Amino acid sequence: MSENFTIPVGPLHVALEEPMYFRIEVHGETVSKVTINAGHVHRGVEYLITKRNVFQNIVLTERICSLCSNSHPQAFAMAIEQIAGLKIPPRAEYLRTIADEIKRIASHLFNVGILAHLVGFESLFMHVMEVRERMQDVKECTFGNRMDIGANTIGGVRYDIDDERISFIRQQLSSIEKEIDELITIYSTDNSILRRTKGVGVLSQQDALDCGVVGPVARAAGIHYDVRIKAPYAAYDRLDVAVHTFQDGDVWSRAMVRLYEARTAIDIIRQSLDSLPAGPTVATDERPPIPAGEAIAKCEAPRGELIYYVRMADSPKPERVKWRVPSFLNWDALGIMLDRAKISDIAIIVNSIDPCISCTER
Amino acid sequence: MSLKPDNIEALLTATALGGVSFRQTTDAKGVCSAWCTLASSSDLLATVALLKTLGARLSTMTVFQPKASPPPPAPKEGEAPPQPLTFFGGVIQDGKSYEIAYHFDLDGDTLTLIVHVASGGQVDSLTPLYRAADWPEREAMELYALVVRAHPNPQRLFLDPSIDNAAFERLIPYSTLTNAGVSKGFWEKIMATTGPKS
Amino acid sequence: MNFLKIFVRNLVNGPSTVSFPFGPAWTPARMRGRIEFKLPSCTGCRACEQVCAPGAIRFDKTPEGLRFMMWHNTCVFCGLCEFYCPTDAIHQSDDWHMAHAVDQKFSMAIRELIPYTNCSACGMKTLASAPNPVGINPPYTPEEIEQHRQLCPACRKKALAERGNPS
Amino acid sequence: MTLLQTLNEKAKQIAVRSPWIYRINAGSCNGCDVECATTALIPRYDVERLGCQYCGSPRHADIVLITGPLTARIKDDVLRVFAEVPDPKVTVAVGVCPISGGIFRESYAVHAPVDQYLPVDVNVPGCPPRPQAIIEGIAQAIAIWRERI
Amino acid sequence: MLQSTTIPLAVLLFPGGVFAVALGLMLKGMDRRLAARLQGRIGPPLAQPFYDLVKLARKRTMVPDIAAEPVFLGAPLIGAASMLLAAALVPIAGVYTPDPILGDLLVLLYLLAVPAVVLMVAGSASGSPFGAIGFSREMALMLAYEGPLVLVVATVALRVGSFSIADIIAYQQVHGAFLFDPMMWPALAAFLAFYPANLGIIPFDIPEAETEVLEGPLLEYSGPALGLFKVMSALKAVVVLGLGIALFWPSAPDSGALGILAHLAKLIVMMLLGVTVLRVSMGRMRIDQAFHFFLKWPLALSVLSLVIVACA
């Protein structure tokens, strides 16, 4: 029982949605050292993005990651709009918010579901995924794709919703609202979940500040930071956004933050639908010219703050685009969370930061 | 609305002895972006230490090589040859120098600290001050030939060993795509295939 | 034991499994699926080629005319081509039945040709593409489109000026 | 001889009702992976009624789903894991990335298409393909597998 | 009673052998089907475990380069053979009583430990680090659950005054099943905690946890060898549940066909209520949690039951 092993976790590991590679030295069942080897999903997107024009890049940034696939093009478009001085119409602002929140619900539910899968609670996993599937239906009916929704374009959005579709969205929202409330009860009372997540993978508030973690990971450690409040974009400055924080910084707190945020997202979508202004959805039908310039845009992706820096020279292709995804910082913090964890908890802790490797490695 | 604290420009000017160029913009929703270029990259650590005391969080850093300035018109006879264009601080715009931008978050607002480093130059590591600088600096080192001085763990981050260092310096300046040959091969096969029109 | 409630619900309501693949699959109307190309509406402006991120669309000048090619196996179904097409010549259908054996890989493509013709007014060799309707009010009638198709760009401009274009 | 053949044929028909699936992520943006997981594991699509089962080990698999454009860093691992899948097996490329490299094809860090390194049998284009399309691809793969087992 | 000439028959045909394998596969199929229904799915056909087996028989067994080949391939054979023998040792009340030559309850207890040992050997022979972790977990879990099991069996034997299965059944035929005897409930409770661990189902499937150690010892197995493990696990369900029936609930009609039907019905009830519902309604424990659980509850309960019976 007290032998020392070195076990490779990944790169192709069934518990991990994406290839990542840890070398874990264990003493018995306890982790003594973690070495993170990154780069398995490095596709050189930062290189590709300088070879394509800004319109192609809306699509390229969407393919950086399919779980935050709305946030990337949105932040990129926001940066380009700043450079070009385009003001997007109010209706587009609200539609962007709606798309953002729909993605957030689906992404958070996916993560919370995978948590149940990792603790071996298949029925709960399937139940969560069934609930999420209703959000997928909304995406497929509204945007035409279940993952890469293609909502954004430079100067606005590419989709519009009519009364029929609004009532469909409302109907789906009220049906999952009940389910999410039920899930919140299950996740906060079910023994199978509690015994595997409470006090596991703790990241203290001080460590969280040192690592600069963002999103649900930061909020679960008691850091009150949400881009939607601190640096509002789209229509968030006109909506009531509740921020949920927990103090413990463990796996359970992160799961609960996500569930409560999914619940809040329903409210945000409802508010947006209630006050959806009429008008055009794009600033211009043509492809607008983009002058030279530089800009920074931030938005709250499901995993936390996503920041884009775009520099245009006199060319349709950007000179440099750099983005920092939320998982980038959160991933580094894994070293602290995994310290002296149990082998069984590795996958659970890794999943708790909702690691988006394709975002991180680009 | 403006960046907090209000006297940030004065604080930065007092700290960066080589001089700063500061500008800030505020968008329609009151979100502030400030850009602060340091004349000398040796002021970097002191400035960043100041920002840390102000509660700034390091979001990320961007390294890139701004394009060279267009060649100046040939000098008329008797005139001195024109000076090459430089960035603020004196680094020549030769297309090979680095512009390094550190993006800080000040409670929602963004402050971007920019330094210019000539080709082959070095820049101080911020990792001792900000743990979040670790990965971005390692990434900068593998994508560019830039040297980050005193980095605690200067190993490769993402790139496969089969890819040479300074990938972006070799690849970005050229307009072609590295694997364009694959696409060409595909189109040749598509043209050679007479399948059902669909 | 909140979960037992869910079990009971599942037993009472029966499986939520859909009948596909043994029955038909539900497809939403907005589903972004296989690209379709309507040759008669294409103006040859190549906007789709310019916005296509994965390089799935390609125009080539050949001795016979302007050849349009589109390969489904690298298309990412983003729909930008449809969004920026001024004449709706390229359209994303809701067809998603695209799984195919690997030997069909390269036949999953669209190959069309906008042929050369001689201008019906001046006789110059020109592309028989559809005229670009952007900013034209009232819009072209189908007859006008057919007429303009046979004209070279210069003669099209003349015809448009004669038609009167208030916008 | 005929009896043996009949038995063999019968066993083949039975065996083909138990295709086990293994997913290899070759550097995908995780869209296709999420859709594979959705297809394989959620009640609405329930591939278990086709006898499919998601395996944790490549050695248990019959049908391999590959997603992603095969990045430089993952290539060797993918080839190693693929070799661990016992014959007879069928390979399905899910999404446009493994088929042609899709949007990432022209990058320095990508080795797409996958079929220059492994024998691929069925392509399922899409970005990502919807679960029904993946099931369609799996159904085609099972038809091919019937000839091999 | 059966003659010793029928021993091969008992091991190979009924109630062990072909019958037990078919029964085990059917129970597994029912388990999967009900689990699917509880989860709101249609689920696989009842014969799915059988299809899987035929498929595995037609695949290739790959031996990892670093594995010890004879051990690697021998382990599943021994495991399946031991369970085949064990199946012949499980009585069916009123129908079949195992020949004492084959062995008694103690032999059965030893045989029941074989699959776990085989999995440990297989895990370490495969040379994979996950197999090794599976090995140590299997060992820890076995340490935890064997104690309560032995105490439970001892309690029953003490009550009956014999280690012979025939005597245990006969005693209950006369005095009524222990299932309905409050004095035996602590022992029953301890047994109910034991068998999920022995069968390796959630919440105790820790050695084979897919998402943690990728099916642990079975990770490197493929083809027919994997099939043998599947047979072993199907047989084990029949044996362990059959043992439970013999120990606590053997009352049955005295005639052949009805006796078999009653036995089948009990097995199915135990499988569906005791295995399926249990495994789908909770998550997995960590090995340390499971270890502590066993030291706390089943051990205490089994000691308690022994004390009660001894004092009574």
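Letters are used for the chains, namely A, B, C, D and E, taken in the order the chains are written, and counting of residues starts over at 1 for each.
In this section, contacts are C-beta pairs under 8 Å (C-beta built on N, C-alpha and C of every residue); 3 or more make two chains touch, one makes a residue touch a chain.
All values derive from a computational prediction rather than experimental measurement.
Path length between chain A and chain B in the chain contact graph, taken as the least number of steps between touching chains: 1.
Shared contact partners of chain C and chain E are A, D. Drop chain C from the picture and the touching chains left over make up one piece. The chain closest to the protein's centre is A, with centres computed as averages of CA atoms. For the pairs C-D and B-C, the larger set of C-beta contacts lies at C-D. Taking each chain's centre as the average of its CA atoms, chain B and chain D sit 42 Å apart. In this assembly, the C-alpha centroid of chain A lies 44 Å from the C-alpha centroid of chain E.
Between chain A and chain C the centroid-to-centroid distance comes to 32 Å (mean Cα coordinates, whole Å).
Distance between chain B and chain E, defined via averaged C-alpha coordinates, is recorded as 64 Å. Residue positions of chain A with contacts to 2 or more other chains are 14, 39, 42, 44, 47-48, 51, 59-60, 63, 117, 122-124, 126-127, 130, 140, 145, 148. Residues of chain B in contact with two or more other chains: 158-160, 167, 171, 177-178, 183, 186.
Under the contact definition stated at the top, the residues of chain C that touch 2 or more other chains are 3, 7, 15-17, 31, 53-55, 71-72, 74, 76-78, 104, 108.
In summary, the structure contains touching chain pairs A-B, A-C, A-D, A-E, B-C, B-D, C-D, C-E, D-E. Within the complex, the chain E residues that touch chain A are 38-41, 129-130, 132-133, 136-137, 139-140, 202-203, 205-206, 209-214, 280-289. Touching chain E in their complex are the following residues of chain A: 1, 3, 5-8, 13-15, 26, 28-29, 116-124, 126-127, 130, 191-193, 195-196, 342-347. Against chain A, in their complex, chain D makes its touches with residues 24-35, 37-38, 41-44, 55-57, 68-69, 71-74, 77-78, 81, 102-104, 106-110, 127-128, 130-131. In the complex of the two chains, the chain B residues touching chain D come out as 158-160, 162-163, 167, 171, 177-180, 182-183, 186.
Of all residues in chain E, only 36-43, 277, 280-281 touch chain C in the complex they form.
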